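Shared between the two complexes below is chain A, which has chain B as its partner in the first and chain C in the second.
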Partner chain A sequence: MARFLLRRLLNYAVLVALATTLGYFLAGTTLHPRSNYEGRNPPLSAASINRQLDDLNLNDHTPIAKRFGRWLGGVVHGDFGKTVTGDSVTAEMGRRIGVSLRLLVIGSFLGGLLGVGVGVLGAVRQYHFSDHASAVLSFVILSTPVFLVAVLLKLAALNLNQLTGVQLLDYTGEYTPGLSGGGAHLVLDRVRHLILPTLSIVLGQIAFYSRYQRNAMLDVLGSDFLRTAQAKGLRRNHALIKHGLRTALIPMATFFAYNFGLLVTGATFTEKIFGWHGMGEWFVDSVTTNDVNAVVTVTLFVAVLVLIAGMLSDLAYAALDPRVRIR
Partner chain B sequence: MSEVLAVSELTVSFPSEAGPVRAVRGMSYSVSSGEVLGIVGESGSGKSVSALAVMGLLPRTARVGGSVRFHGRELLGLGDRELSAVRGKGISMVFQDPLSALTPVYTVGDQIAEAVSIHTDVSKNEAARRAVELLELVGIPEPAIRARAFPHEFSGGMRQRVMIAMAMANDPDVIIADEPTTALDVTIQAQILEVLGTAQEATGAAIVMITHDLGVVAGFADRVMVMYAGRPVEAGGVDDLFYRPRMPYTLGLLGSLPRLDATEREPLTPLEGSPPSLVGLPSGCPFVPRCPMRIDVCSDTEPPLAPTADPRHTAACHRRTEIEARELGPADIFPAPLVGAAAVARLPRESRQPVLEVRDLERHYPLMKGVVFRRQVGTVRAVDGVSFDIREGETLGLVGESGCGKTTTIVQILTLARPTAGTVVVLGRDSARLDRGERRALRRNLSVVFQDPLASLDPRLPVGDILSEGLRTHGVPKQRRNRRVGELLRLVGLGPEHASRYPQDFSGGQRQRIAIARALALEPRLVVLDEPVSALDVSIRAGVINLLEELRARLGLAYLFVAHDLSVVRHIADRVAVMYLGRIIESGAVSAVFDTPAHPYTEALLSAIPIPDPRRERARRRVLLEGDLPSPFDIPSGCRFRARCPRYAALPGGLGARCREEEPVRLPQGADHDAACHYPPAPAAI
Partner chain C sequence: MAIPTDPILFDLDEAAALESAEAAGLSRGRLVLRRFLRRRLSVAGLAVLVFLFVLAFLGPYLSKWDYRSHDFNAFLEPPSWSHWFGTSQIGEDVYAQTLRGLQKSLIIGLLAALFSTGLAAVVGASAGYYGGWVERVLMWVVDLLLVLPGFLILAILSPTFRGRTWLLFVILLAGFSWMITARVVRGLSISLREREFVQAARFMGVPSWQIILRHLLPNMSSLLIIDATINVGGAILAETGLSYFGFGVQPPDVSLGTLIADGTRSALTFPWLFLFAGGLLITAVLAVSVVGDGLRDAFDPNAASPRGRL
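And now, the complex of A and B:
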């Protein structure tokens, strides 16, 4: 088993390296940091621009392979280069990583759990009103782009706040700047800010997982082993959970890995719309400022996240399904 | 003996768009402890549904009426909580397909322990210990280790043992076994019936045995109930029912069974037609359309189950007293068709042309491991040196358990591909020396009929297109194709007007007739029949078998008949070859092999087949085989049957060395009879 996981890890590591390399070459050839300096008033001399670009390792006169080599050399030592403004990418990442992870981790786990729950209920109460309702809602959410969901949520929060006359939900930033008060007060403030962005991610996740889980569960509901479990004397609900859900969870482990990439893309919009200074927002901003190093660093971050999601899903699969365990 | 389970006037119906499906229409029985009641019926007769109704395991849409009393307590209408306390403790159940009936993600030990701990307040360790005890009781070797294995690591027979262990975990008063051996090979079936007997001895439970196989019931049950279209049509003691059947359906069933103990080849008495649909059933007796003894009253009123001369023996037929008085048997009621023999088959075997000659055929598959660096870690010897030949107008039965290489052999013959070693010669032409065009032309002479007609006919093609597909492939012009479709349909007992309909519009037996017509489209010389009747209901098997015999006689066909059912083979085949682990271990004329089997495996196979004759069945001494078929990846040294061989086990010291070291070859045992055993029994004194 350990050997199997090690091999998977190695596979994923190769994929991460490949994604990062491709990302660097793509960003390095399409983004144009030089334009940040050109057309300034007063104009900068070509030599001065080159010097500044060289200093940032962004000079397009240097062959891209050489620039990549320099950047990679830094990455190995934990230095991800400099942003276009000359700040350390590593430090900026340190500030932003927590913000993004908070959204992503809570979003994916909450979305997964609730999605499985909704899916199971839909299957057990197939063709009841709740099943139809969750089906319609899921398809509406799945076919709505994340940014629209986010904007609609914002609107809904605005109306709710106006209706109640209290600032119940906040929708800009991850905390209220300059807020004073005790620790509990601060935590509450963060939670209030967290609700809407998380919701914008979780809704899509619930919609996604619930459809798959409903199908997987329906397959299991008609199975002979569920009947055997009841014939042994297990109560229906107990059998549904212990024998039914346990088996129907197996395919979900695979979806978890596939879905994670989708989630990260969605989170970029969420961060941007709710004004969260996370990795996704940074990515969009870096592209507009021709910040090659930052763009590639975010690419690497996402690749590593997908790696972790993949490993988790492999582990979950092996834990759930004894038939794939290799001894 | 006390009555433990009493079912009376049980009805079950399911709502459907066409109206309620009345799956069970009034069924009453009772069983006492230690008693075995056999419930026999075809698919759709309501036998399994009634069992699930007793357990309260039907889907919620089902409407159940009547009464089910367990120790006098009414079970119908009880909630899930009360019923759960009875299920598994008072009444337990063994299901048909042991692969899907066990939860794949838990170890078998855990699943049995769960059954124990649901009903008794025991510690985890105690429950696990009891699970191991139960596994040992049902004959699982090394139970303590095997308890930690998952269901997919068990063979079908072993899984069914686990199911039985689970069913007897709480000393139930009733065990309902729903087709417990249907999915298993005959040798394994014999083992499982033995284990069920053990379970009954250990628990003293009453057993309700549900099956479609009259043979299984004959030796196992005390009383039998025959179901048809949702109702019992005859019930009584096992001897009464088998020797003095009084309902034409029972008579027809018994007459339509090919018998292993038959001495002369007589055509089977077929039951024409197929069971009725359970939606909107007309008011009369549901068997009327198929009954040669019908009179006017039969179409008007459905006869109740009424006593015959013996009050414990009941039959639902208006003319039961007449049948009784005249002692009518199957042959008196159901006219047997006349089946002639082909002109060519009357010639002696030596002077007939061989259609197919297979010599030392081998098909090995490499067993690979690794993803990036693939390496061969072994060889699966699926077919490992098979030789036989089939002559014009002859039927060769190829028999053996699942996994013995039957399918690989026929695929090798049908595709005409180059084998790993050996030769396949069709009509004098070696398959390895053909180019593409020749191979294709030669394929016209070979055709195949598969086991499941529903799966082998394209549901989206009308029957006419299905039949003419092969003709089109071989460039037959359209007009001739259309004419041929009509001919073919008439040939198999259908009409040309059926050509525009789809497979779903036909019953199982008719579908198999269509599959046979398709096989005959190109006028082949050899038809491979791969289990052609085992997916069909008992009552329609006979009709298909008779059709096959008739076609052979009329068209002078040769058949390669692959089956695991030896009674059918005995009935239809001229010669038989028994396969074990990729080799033929005995072959010869049917009468020679079946009457005086020389190989211990053949002996065991034959003794495992149940005979629908209670007295003979009870008197039989079974040769039970140990264990399962070994893997073709790991074939034992010397004689490959050695590990399961009762004869080897009984050999005096020293003699066994030959079996361990030297692989036996097929040696003549008489005229047209050979077997591969070092120690065949001495030929019977003449």
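And now, the complex of A and C:
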């Protein structure tokens, strides 16, 4: 078991290293930091542009392999280079990483939990009204891009706020700047800002997992071992959870790994639309400002997240399916 | 018609259904068509999809406004008789723009889905058929691309297709969305490889690429058709998402994504700027996924779709 996980970890680590290299070479050749300096008034001399670009390790006259080597040398020591404005990428990442992780961890946890719950309910109460309703809803949600969900949520919140006359839900930023008051007040403020962005990614997650979970659960419901469990005297709910759900969860572990990349992409839209200064927002802004080092750092961050999701899904698989542990 | 070798069609019920259908003088295609037509929701989805295509390509001729023209007498006006969907900040007709965007999004989605399924078929079948180091290298590429969300790579690559034809965008879009299908195709190819008719072809000296194209791929056509259909929805979502950030379709051209991006800046006060584009986007993707679901059921009534039936 430990060897199996170790081998997976090694495999993932190589993939992350390769993915980051690929990301650097792509970003280094397609983005043009030089254009940030051209066309300025008064115009800068070529020598001065080169000096500034050299300082940031962004000079496209230096061979890309050399630039990559220099960046990699820094990364080994925990230094991810400089942004186009000359700030430290590492420091900026430190500020942003928590914002993104809060959204992603709560989103994947809540989404997975609720999605599985809705899916199981749908399977157990197959063809009831609730099953049909959740099917229609999840098909509609799965057909709606995250950015549209986010904007519609904003619209709904605005109407709700107008209707009640109180600012119930907030939809810009992750907290109100310059807010004074006690600790509880600040926490409440953060929660109010958290609700809509979280909802915008959790809805899609619930829709995704509930469809797959419902199907997996239906496959299990008619199985012999469930009937045996009930025949030996287990109550139906007990048998369903202990024997049914456990088996039906196994395929979900695999979907979790596949789905995580989608979740990260979705969170990018959420951050951008709700004005959260997280990694996703940084990525989009960095591509537009030709900020190679920042772009690659976010790429590395995402690859590591996908790696962790993959490892978690392997672990869950092993915990749920004894056959994996024996191998 | 030969013995059904489609691995998706492999269970006995389906073989029996096919036999009785053949006895009644129906080909496999007719049987599938009949089953599809029996599902009212999927037929409705197909009708909606056809309507959207007609609307996107003929609709612009109904209005006197062009998507590039400006009406300097109407800025930010709500929907009216002269501007059916209202006008934008600079007097563009939202109806003309929305239809142009719908056109672009539908075409891009359709082409990207075709390319991506084609690529997945070729890569997956080669990996499964050749085995050995070919398989290892190809599957490794698949794993590598799965670690990096395609969205990130496409965003990084976006400067390369700025100012070039949108076809390049389509190809890149397809280039980063074929991986999961390729895995499925590989699995099927591995089992097909051992079948008698493939072995026979091989021993008769048919070259490998011909075996892949003539014997392997046609025998998973149902999977590929379903996959291509479902991919249309995914490709439309990916395109609009990238365009939303300005990484996809470039101005002066428009897509549903760029329209929604422009509209959402003032969504709270001038909802008509994005509501029509948003509504059409959801309708299109929903219709595609309902059609894909119906196709899956028609090709293989006994298999449950991974997403479940609606």
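One rule holds in what follows: the second predicted complex is superposed on the first by the 325 of 327 C-alpha atoms of A that agree within 3 Å, B and C clash if a C-alpha of one lies under 4 Å from a C-alpha of the other, contacts with A are read in each partner's own complex, and residues count from 1 in each chain.
The criterion applied here is as follows: a contact is a pair of C-beta atoms (placed from the backbone, for glycine too) under 8 Å apart; a residue touches a chain by one contact, two chains touch by 3 or more.
Computed from a prediction, not measured in an experiment: that's the story for all the values here.
Asker: Identify the partner contact of A:Leu218: answer first if only chain B is touched, second if only chain C is, both if each is, neither if none is.
Answerer: Second partner only.
Asker: Taking the superposition on A as described, I'd like to know which of chain B and chain C A:Val16 touches: first, second, both or neither.
Answerer: In the superposition, A:Val16 touches chain C alone.
Asker: Considering only the touch criterion stated at the top, classify A:Leu153 as touching first (chain B), second (chain C), both, or neither.
Answerer: So A:Leu153 meets neither chain B nor chain C here.
Asker: Just chain B (first), just chain C (second), both, or neither: which does A:Leu203 touch?
Answerer: A:Leu203: touches no partner chain.
Asker: Residues of chain A touched: more by chain B or chain C?
Answerer: After superposition, C is the partner touching more of chain A.
Asker: Output check: A:Arg236 vs chain B and chain C. Expected answer is one of first, second, both, neither. What do you get?
Answerer: A:Arg236: touches chain B, not chain C.
Asker: When the two structures are overlaid on chain A, which partner does A:Arg246 contact: first (chain B), second (chain C), both, or neither?
Answerer: The answer is first: A:Arg246 touches chain B but not chain C.
Asker: Name the contact category of A:Val120: first (chain B only), second (chain C only), both, or neither.
Answerer: neither
Asker: Could you say whether A:Leu31 touches chain B, chain C, both of them, or neither, answering first, second, both or neither?
Answerer: Touch partner of A:Leu31: chain C, not chain B.
Asker: Which of the residues in chain A end up touching chain B in this complex?
Answerer: 223-225, 227-236, 243, 246-247, 250, 320-323
Asker: Across the complex, what residues on chain A touch chain C?
Answerer: Chain A reaches chain C through residues 11-12, 15-16, 18-19, 22-23, 26-27, 30-32, 135-136, 139-140, 142-148, 151-152, 154-155, 158, 211-212, 214-215, 218-219, 258, 261-262, 264-265, 268-269, 272-273, 283-284, 287-288, 295, 298-299, 302-303, 306-307.
Asker: Where on chain C does chain A make contact in their complex?
Answerer: Going by the criterion above, the answer is residues 143-144, 146-149, 151-153, 155-160, 180, 233, 237, 240-241, 244-247, 260-261, 264, 267-268, 271, 274, 278, 281-282, 285-286, 289-290, 304-310.
Asker: Write out the stretch or stretches of chain B touching chain A in their complex.
Answerer: Listed in rising order, the residues of chain B that touch chain A are 52, 55, 57, 80-81, 84-89, 92-93, 95, 97, 100-107, 114-115, 118-119, 150, 152, 163, 166, 169-170.
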